[in-house]
Each structure stands twice: as C-alpha cells, then as structure tokens.
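Structures incoming, each one as structure tokens.
First chain A sits with chain B, and in the next complex the same chain sits with chain C.
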Partner chain A sequence: MADAALFEFLHTEMVAELWTHPSDPGPGGQKMSLSVLEGMGFRVGQALGERLPQETLAFREELDILKFLCKDLWVAVFQKQMDSLRTNHQGTYVLQDDSFPLLIRMASGLQYLEEAPKFLAFTCGLLRGTLCILGIKSLVTASVASLPTCKFQVVIQKT
Partner chain B sequence: MAVCVAVIAKENYPLYIRSIPTENELKFHYMVHTSLDVVDEKISAMGKALVDQRELYLGLLYPTEDYKVYGYVTNSKVKFVMVVDSSNTALRDNEIRSMFRKLHNSYTDVMCNPFYNPGDRIQSRAFDSMVTSMMIQVLSRAPCCRAGEALWA
Partner chain C sequence: MSRPAHRKPEYHKINKDLFVLTYGALVAQLCKDYEKDEDVNKYLDKMGYGIGTRLVEDFLARSCVRRCHSYSEITDIIAQVAFKMYLGITPSVTCNNSSRTEFSLILDKNPLVEFVEELPAGRSSLCYCNLLCGIIRGALEMVHLAADVTFLQDRLKGDRVTEIGITFLRKLDEKKYRRKK
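Right after this comes the complex of A and B.
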C-alpha cells in the first residue's frame, strides 16, 4: 500500500533534482533533463515489460499489447486503469487518463500547466520501454489540457 | 537435469549459453543454433493457428539419437533452449515446464537488475547458480538410475 506513495515522492524528487541542476543552463540543459527522465522511464519500462506479462499467454496482436498497457501496466504502477484508449487503426493510439496520479496532487484545472510536462517525461519513457521490450518501436508524447487529465500519444514506428 | 541451457535474444544472438561436458561445447552450440529454426517455425505456426491463446512453452523441438531439445519463448521474444540427455527417460513434460519457469523467473530478475543493460551477455552469479542447480541434478540422478536397473536385473 505504501508503494504508491513512495513512488510518487521518489518521482517528485527525481524531477526536482534534474530540474534544478541541469548539465548546462538554458533551454539545452532542460531538454537534457527531460531526456534523462525519459531514459530512466525507458529502462524501468523494459524491466516491467519482462516481469508483468510473465504469467499471461503470448500476445496475438498490437491492440492486445496496448490493452495490456492500459490495464495491467497502469494498475501495477498507478493502481488504476487507463480511462480511455483511442486509435486511428493506422498505428497511432491515444491513451487518456482523467486523473493521473502524478498530477492529481498538484492542482485541478489550469494552474501549473507549464510545469506539468516534466512530470510526464518519466511516464512517457515507461510506456516506450514496455512497448520496446514487447517488440514495438514507438514514439510516445504526452500532452496536458487541464490537470489532472493527460493524454499519451503513442505512434508506432513502421520499420 | 539439463545438459545444455541457452538464452537467446530477440535478434537471435546468444545471451547466455552453458553446457555441462565442457569439452565438446561446440557441438551443443551448433545444436542450439539449428534449433532456432524450429523455434521460429513453431512461433509462426502458432501465430497463424486460430487458437485463442498462445502458449509460451514450445515443447520438444526435435530429438536426436543422444539428446532431446526443448524450447520456450517469452513475451519479449527471448528464447530459452534446453538440451537434455535422452537416456534420462525419467524426465516428464511438467518437469521440463517447471525448469523453464524457473529459467524465466531468473531471467526476469536479471532484467530488473539496474546494472544489467538489456542485450548484454548475462553475467549474473545468481543466474549461473540457478542454471548449475538445474544441471547438477543430471549428474546426481544418473548413477541412481543405473543402480536401480542393476537391482532389478
């Protein structure tokens, strides 16, 4: 039960630490911090992608893998399921979470909208890492219209 | 109870390969390499079959006169191949399944190790000792089988 709180605090500290000491001042350093966060999420996503589907049988198609992300992965990390999954059937998926646990403590509405993206970088990496280990190369971006609702857009790279 | 255990990455290069009679290693390497074709065939056959669920355990890949080769594939397309001595007839299917499950659990632990980069060779001592425990049993079992036969005859 305490796992969720521990993860939230750790995540908040990670963002705070990487943001206050960027490797070089100016916009370049901040982008570096975001990619470091995303990289961390990526490695964690790879490990989770190996451990979580362990008992489930092999996935048949892409949509199954996305459903696994929305249900099992989200429940394991955030103790709730993703609220909606939309697709254009051409390799783009939009996952929407109406009360994202990492944002819900901050505000409800439009306050802190500019600060929100850095709290989503780790989660984008998490999604990308899990997809990568399950065999899908993708690009994940996040957008926030109003806290705590956020959307993760997954674009599958066609090789 | 295995004679050779191999873990093969998605891109079909070995992450870990170990065999017990260490003098004829190359023969086992070759056997594992040829079994990859059978593994790929089974995976694609299962994909096309209209079975609702695909199993991770692939079963007996092919038997030779001295050895039997078993396969298992994970959801991340990492393959485990196990070569077992044919003379050890006491091994049943569910024993092989449980050995693969142990392998899968140990592999997952290796993946979760933050010092391990996915795609590198596996150098974890815990993984080594788990594989050793699986292989040592063949040396401890064989004399018992022979002793049993002698008593019976």
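Right after this comes the complex of A and C.
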C-alpha cells in the first residue's frame, strides 16, 4: 500500500520540475505549467472517480455530491475532511481547508503566498475530474489568503 | 441518507491508487514533452533523485534502522524496510559479485504498474519505473553512499522479472568494522 507521503513527495517534485521547464518560455509560460498540472490532476480525478464505491454514484442532489467531496473524498486523499463548505445555492460552492496538507510544509502566513497557486493546480484538476465522473461539469479555482488555509471555488457549468 | 464510515477499505485503496495514478499521469505528460525514451528515462531518474534526497529523512524518522556495516545490510534494508513501508512490497535481494558491491532487487509485484498493461506504442525503451532508481540513488547519496541504480530487467519490456541493479561505487570505511563478521 503506497504511503500517503509518497504522493506528497511526488507532487512537490512535479510542482518544482514542471515549473522550471515551461515548454513555452514566453509570458504565457507560467499559465501553461499551471494548466499542465491542472490537466494531470483532472485525469487522476477522473480515474479516482471511476474507482469510487458504487453507492456514491447514486447521489441525487448536487449538494450531496459536494458534501461527498468534502468528507469522503478529502479523507481518502488527504486523511482529513474539508473544514467548511458554503454555497449560494445557485451553482457556486466554496470549499475551505484550514490546513491543506500540500501547503503545510511551506511556512504559514503570508510568506510564499506567490508560490501557493502552483501547489493547488493539481488538486483543482483532481476535484474537477472527480466531479466530471459524477456527472458534473465544473470550473475549479483555488485561492490562498494566508497559508496553509485555502479555498477551492467550484462553479457548476450548466451545459 | 446514512453516512458511510470514513475508514472503509475502498478509501484506503483510493489513497494507494492516488500515487500510482499520479505517477502514470506524470509519465504520460513526459512522453508528450519528450520524443526520445532516453530523455523521459533521464527525467524520471532526475525527479526520483530529488524525491530520494527528501524521502530518506522521512524514512529514517519513521523506521528505527540501526547503523549498517555493509552494503548487503543496506540493500536488505532498502528491500525489506523501505520498499515495504512505501510500496507494500518486499523485493528479494541477490548479490552479484564476490566483492559484495553489486546487488539486485527482484520485484515480482510492482504496484507502480498496476494499471499499465504494456508500454505505449513506440516507447519500447521507456523505463516506466525509472523514478524508483532515482529515489534509491538520491536517498543513498544523502547518507554519503554513491551508487549506480538502473533497471537490469523489466517485465514491461518482456523480461521474466523486474530487476533493479544497485552498484555501490565507493567502499565504506572498513577499519571500524573489522571486528564484525
């Protein structure tokens, strides 16, 4: 059974490596690396979604799916629950993690705030990928006001 | 609606799958970025090296391994403690030379390739698990041991087993341990 630490080490190395060699070194370079990480997270999120227990696929309400992400999925992936979930009941959800494990190793507070988005891109993709398998098209972004607290914003896309 | 318990076995599997799936996505991305297999292999090794240099601290903190007195002890620890701790498998160890500096780890199960049936088309020289070689090399270097670590055999390439070769490059100072067997 692969230790949770292995994923964290791999993720940190991916953030470091994908950042230092953008395939397009122009001003669009930064965005491309973030989107590559997000894309990888998306594929992994889809693959994880396909492995979920059968009963999770029988959710009736959108809110139940988001609650599932905050509790069961977050525990399975990060060994803790999301700390809060808010919604405007019109398709926008804000998921807040007060001590996001992938940010914990970085100093807390305002130092390294600029670096934080690189550490969130993969997880945004992961959420988007799992939602996709559960039948929900979404846009997921993340923001950090102060490490290690971060907020994931999920906006449901109505097709 | 009743809430499922959080420690259901399926969720343990999700956690284990997370690393394996992420690794797969990484290899796929590198195959997109690099045309030549050697370049992907080198990159995986380099990333593994970076991970290994940090992983060794985590390993030493979690295990209570005592100071080793020979390369074969070290290789045994890699196979029986480290591999077991992080990947849940215990490769068998063989020694390949009389001066006891070259060893092989034989993996008959490899969780990294659980979802890989065969190498992608046109990628016959890809060392899919090359990250492992880099990790071992990086970890050993942090404890002041230089070693070459490569795949000698690979089931994904049609070999019977998957075999990682570790060749220690500098002899440990033997003066202190002459008393030992």
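Here is the rule we go by: the second predicted complex is superposed on the first by the 152 of 159 C-alpha atoms of A that agree within 3 Å, B and C clash if a C-alpha of one lies under 4 Å from a C-alpha of the other, contacts with A are read in each partner's own complex, and residues count from 1 in each chain.
The criterion applied here is as follows: a residue touches a chain if its C-beta (ideal position, glycine included) is under 8 Å from a C-beta of that chain, and two chains touch if they have at least 3 such contacts.
Worth saying up front: this structure is predicted, and the values here are computed from it rather than measured.
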| item | value |
| --- | --- |
| Which of chain B and chain C A:G135 touches, first, second, both or neither | first |
| Partner chain(s) touched by A:A5 [first = chain B, second = chain C, both, neither] | second |
| Chain B versus chain C as contact partner of A:E50, first or second or both or neither | first |
| Touching partner for A:D98 - first (chain B), second (chain C), both, neither | neither |
| Contacts of A:E17 with chain B and chain C, given as first, second, both or neither | second |
| Touched partner set for A:V36, first chain B, second chain C, both or neither | second |
| Dominant toucher of chain A (residue count), chain B or chain C | C |
| Which superposed partner A:D64 touches (first chain B, second chain C, both, neither) | second |
| Touching partner for A:V77 - first (chain B), second (chain C), both, neither | second |
| Intersection of chain A interface sets (partners chain B, chain C) | 43, 47, 51, 53 |
| Parts of chain A lying in touch with chain B, wherever the complex brings them together | 43, 46-47, 49-51, 53-54, 56-60, 133-135 |
| List of chain B residues in touch with chain A within their complex | 10, 46-47, 53-56, 73-77, 104-105, 107-108, 111-112, 114, 118 |
| Chain C contact footprint on chain A (complex, rising order) | 1-7, 9-14, 16-17, 23, 36, 39-40, 43-44, 47-48, 51-53, 55, 64, 71-73, 75-77, 79, 122 |
| Complex interface listing, chain C residues touching chain A | 1, 3-4, 6, 8, 10-23, 25-26, 28-29, 33, 43, 46-47, 50-51, 54-55, 58, 85-88, 111, 115, 131 |
